């Protein structure tokens, strides 16, 4: 015998797909949106992104090394994705210390506390985002207005998001038609010319990333499509019912975090259902809650909350919605 | 006294009386279904819910104890005589004196002793490995070293020694619950009588192959030569399927068998060093 | 045109390196080791003693009980000893070890290669012959054939499906057999049909074997009731439930057998063995084995005697490459890794697959990211991530509710998992535990 | 058990909220500042002391079957007394604690102690137990309140040490849950060591 | 002393005993605290009034009268007098449109309608956001409320700037600010319509 | 419409556990399994509606006329405790299956401060009887919703490798915290 053989149970083959490849696939898919926000927000976008990614990775590493005393797993890339998405969900002029708090919450509280990758019931980046939104409402809602590449960071000129303008205006009794003149055109919205969170603005870039992920089979269509469809349907009904106080579906689809949320955040494997049927229910839930919050709630935007709320239902969906088993059950004597 | 105070008193008395009556009738209608001693016994048990007693948990055992008429065959290995004594007081019975036990790993197939013939690369579980094939060495009986037993131990009484790739039992922590015994797919672990100063003498091998193959697979295998059986003055050693076994209740720790074994399969642990025996890695097991 | 089963399935790289390598007859080795248990069920009892002279084709171990079958000597020579040896299962088993002397056969065996199409035996005789000749399923499960050909009381059978799918990557022994012995195989199918009393047989073949499809389609014109069904390439199409679904649309119930939907599935190799046993009175003492692997110098398909050491096969394929890290008996998806290569070929050995060291180790296991890819891959509609963790945590009751016992151990889930979780390892553990517990409950 | 142990067990080893996780509602609801937490803790301590004393005094006068209603009456009486007294003399704290003062009556610690301890032990032991448990509860609430106040408003005991706001979540519901969660985890760790 | 058995008689006896004891204690404490509780409530009101109008000598609580808001309900008005001269009116106003609903105010007007001061009596607004309605600042560090002091709603538009008024809203708490304005406006309207100006 | 708002408010916006901190002990204690959580929700709903009704009547028609409103706490707790007992007896007599399903939870409800809390809140908020009952029912549903969600998550966490120090109450609390965070999104709906 020349060498000692390896013995393992079958199968002896494994697909080339790995967790790391999937995670970096998401990173690649996020590049167009990142480019867009750097184009519109400049230096701020770069600083926010770098801080967020670095602090997420650092928090994960430090928690594993010093608190949990487990093998560091930062190289699986999930912390990078969380970092990027956290950055995408905050204004590009957010002070660094707030971003670091966000990273601590995202990774430290929402992910590692539950046991790290794969165990967290809630989307870490969104927990971080919502935590910041509620803790630092002032900083989290002063949105820089887009301009060409800008080198300034904290000193950006701020303004309201289109959704903010809409919500405020409707509450103050203005008609949607007159408000629509104050917001960018649908085409501008599509290319991302609006105020908002760093990464949510450019629908075009986000859709591009989504197509890439669909092509690479990183995600399936069920979640994004069911979210977008249900938002379109719900807002469409409202719009048809009373166009003076409800904006059109196109506006709703192109503004706020809908695209980012539907394509990148609701699709997070860990926190979304396992079966296609479950995914559709989940998606519709997100869509409906989003519109609910947008039209009747205190917040002008509700995607983050909607996703977190539906995250909470995922275990129940997984429990009660099972894939179709092969073969009917028969009684055996 | 003001009228408020009077009203208060009246009100509360009525309420109190009502409550008392309701509860009285409830109590009358539904006499206690559960023996209150079950709670008491349950409280006296350690609450580890380890299953060492053979029941699904401490409470189930408490029920069994209360229902039983004697303690024959009922024992909480975790609490030991102390606990059983307490239970005996509660139930007003005689405790059965049981000798304390301790778990012992009966394999010494370190990489030095038993050469690896294959590398196991499946999920880290002895059961899975065991259901896959005979073993990573020529010995198809010995330890796989994936540590199922260590995971099973609820009392932190075991760990895997990375050098020997064998589990080690910490005598002072082991409560002889037997979880590891049940878990080991190879039946390597045995509960043996606990001797003074944790001394033990046992055949640290479970290989049932004939001498030749056994020896070839592992330097310290029991080859079934029978010398120990002959030398034992107390008939404590039996030979079955080419494998010697020392009954811990018959063994008087005289140590006569130990030098007899040509392969060193019999280990003596916890004794003062008598003579310098070369290379006895088993000494590492105790401390 | 190309049918397949509807849910799940994967498509690993096919790597059919030996598809065009004609079968080579391997010389008889100087010594053979014939385990007495080469099938599912009770081991056979040796009926020869040390030193006895035996002829090729002579019974050396007799079936013990119903689910068992005879073992024949594959060579002529002298019994050197009866001992326990490690065989392809990885465990020690009783085996008859024979020193080869010449190649004398039992005279009743017709060794000519003339095709005999006419079937003279009756149904009962066919089944008896299969039992006598030690036939087992050649598709991997090695279930004694005579049992499968006996339709249990209360069930009825209306068609036979012949499994020519060979969906495992690398393996080509069935493929070669269909090309080289097509007519014999189809005659064997006809015999099986007769034994079961059915009029219809379908041979399912995957689209990656176009030559076999056209060859058998052509030949089948001469056989009544046999059609060839081309199938899409998708693993695990060879699993009998999937194959039945693909060919007929019938769904074998959970916990049921093919016979519950009126079907019996047999492998093409089994059909060939049935042909040889019934028409030529030849017991199952040799089979085609594919020896393959990317590092193998001279991969090929070999006709070998049972009991030949695997080392001899590897030698025939150019020897064991230095960097070999894993040797698998069977295909890469379902085959069994060998701890040592000094083991004999048995009735169930369909291939010997060598992996270089670099490809032989499993990747680091990461936590499940709940991507659901394993669920999508599972053709049985199970949730591998769930049942494997239930099994890992010892939650047997829940695992049973989640139908862990329906798993056919195809390994598609483990293959797909991006986190490289050993899903099937734990599922297998859970499955066997659940089955054992269910049995204990019944006996109690 | 000696009385010192009897007293101190309520702080870490058997802390009502941090170990037994009883009385979680007031612990979450009234700890948006340290002062409120302490106030709530002291109110509970008073009830606990009172009910433990009375119950152990009367333990032989109360037949088993009515012990629960009897205990409840005793406890509710003390709770109402606290309610009235606080309303009269510390109105600001009374308002801050709001509905959670009457709810002391259902705080499992109080009934639990009456049932598990006071009804079986001497008056003195019961007083010590009540004090220990109550003060343990108070300490836990105080610390939790302090943590939330420091993080949430950048203040301690109402005294601000930063300008501007803190991390607002910590004075809101989510922060309460999260802070208590980690606090329990830490105490678990300490108790284990 | 032996433990009492659970007979009906014993149970009733014991519970009645406890009830009587408990209620006696309760009744006693109630009697004792009745007055301090009433006093506290009154003081609270007087304190609030004191904060929002100039020094007075009367007891505004005794002189309280109701004025209709014109929305179907009435507000309490507390006149503050120094001697015989009316120095101001404290109007107990409210709004239901706070972030968490109801907010109660005491708005103090000088007899000419100028706002003297405002005090928030009751609210459930979010800590850190809506709560910024409450504190009173210093001249160096004015708080939200301070911008109303000395303004006369006749010329000072009681609306947040977003809605075209003159009030600087609290950052990120427009809803609370808006509600605050509404409550003050209600007080002013009532005050004005009541002909007190 | 008013009732709808009341219901939405009680279930989503001012969820009894997640926003008002009432009933946290059973929320943590009975949320290990979804099936038990569902049973508990049913029992709580039943008792809460009944208790709200009875306490309301006692308060308005006994305590207030007699001028002893301060006896609220003591009267309520006795009423609730006896009520739970009675429900248990009646349930046992009239419907075994219902008793099997809810019975084990009933004793837990006596010390659930949500029940007493709601009874007190109904008075505090000046609801009339119908509003009070609707409020009680909606609150209980809100409790049930939160409980079942938490149970689902905890059952899933059973299978995950939660760090040992966080197991049990701590992780349940952190989960509840994040859940509360998510529910804050409903702010302003009413």
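Letters A, B, C, D, E and F name the chains as they come in the text, with residue numbers starting at 1 for each one.
As a convention for this text, a residue touches a chain if its C-beta (ideal position, glycine included) is under 8 Å from a C-beta of that chain, and two chains touch if they have at least 3 such contacts.
Note that this is a predicted model, so its numbers are computed, not measured.
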Labels of chains that are neighbours to chain A and to chain B: C, D, E, F
Shortest chain-hopping distance from chain E out to chain F: 1
Pair joined by more contacting C-beta pairs (B-F or A-D): B-F
Chain of greatest Cα-centre distance to chain C: E
Whole-Å gap between the CA centroids of chain B and chain E: 70
Inter-centroid spacing, chain F versus chain D (mean Cα positions, whole Å): 21
Gap in Å, rounded to a whole number, between the CA centres of chain E and chain C: 86
Approximate Å spacing (C-alpha centroids) for the pair chain A, chain F: 33
Overlap residues in chain C, where contacts from two or more other chains coincide: 90, 336-337, 339-340, 360-362, 367, 422, 425, 428
Sequence positions of chain E contacting 2 or more other chains: 6, 11, 14-15, 18-19, 22-23, 26, 30, 99, 129, 175
Where chain A touches two or more other chains, by residue: 1, 5-9, 109, 115-116, 118-119, 131, 134, 137, 298
Pairwise touch network: line, ring, star, complete, or other: other
Set of all touching chain pairs, with the criterion as stated earlier: A-B, A-C, A-D, A-E, A-F, B-C, B-D, B-E, B-F, C-F, D-E, D-F, E-F
Contact footprint of chain F on chain C as seen in their complex: 367, 386, 389-390, 393
Chain F to chain A touching residues, read off their complex: 34, 148-149, 152-153, 155-157, 160-163, 166, 171, 174-175, 178-179, 181-189
Residues of chain A defined as touching chain D within the complex: 101, 109, 131, 134-137
Residues on chain D engaged by chain B in the complex (per definition of touch): 65-66, 68-69, 73
Chain A residues within the chain E interface of the complex: 137-138, 141, 168, 172, 298
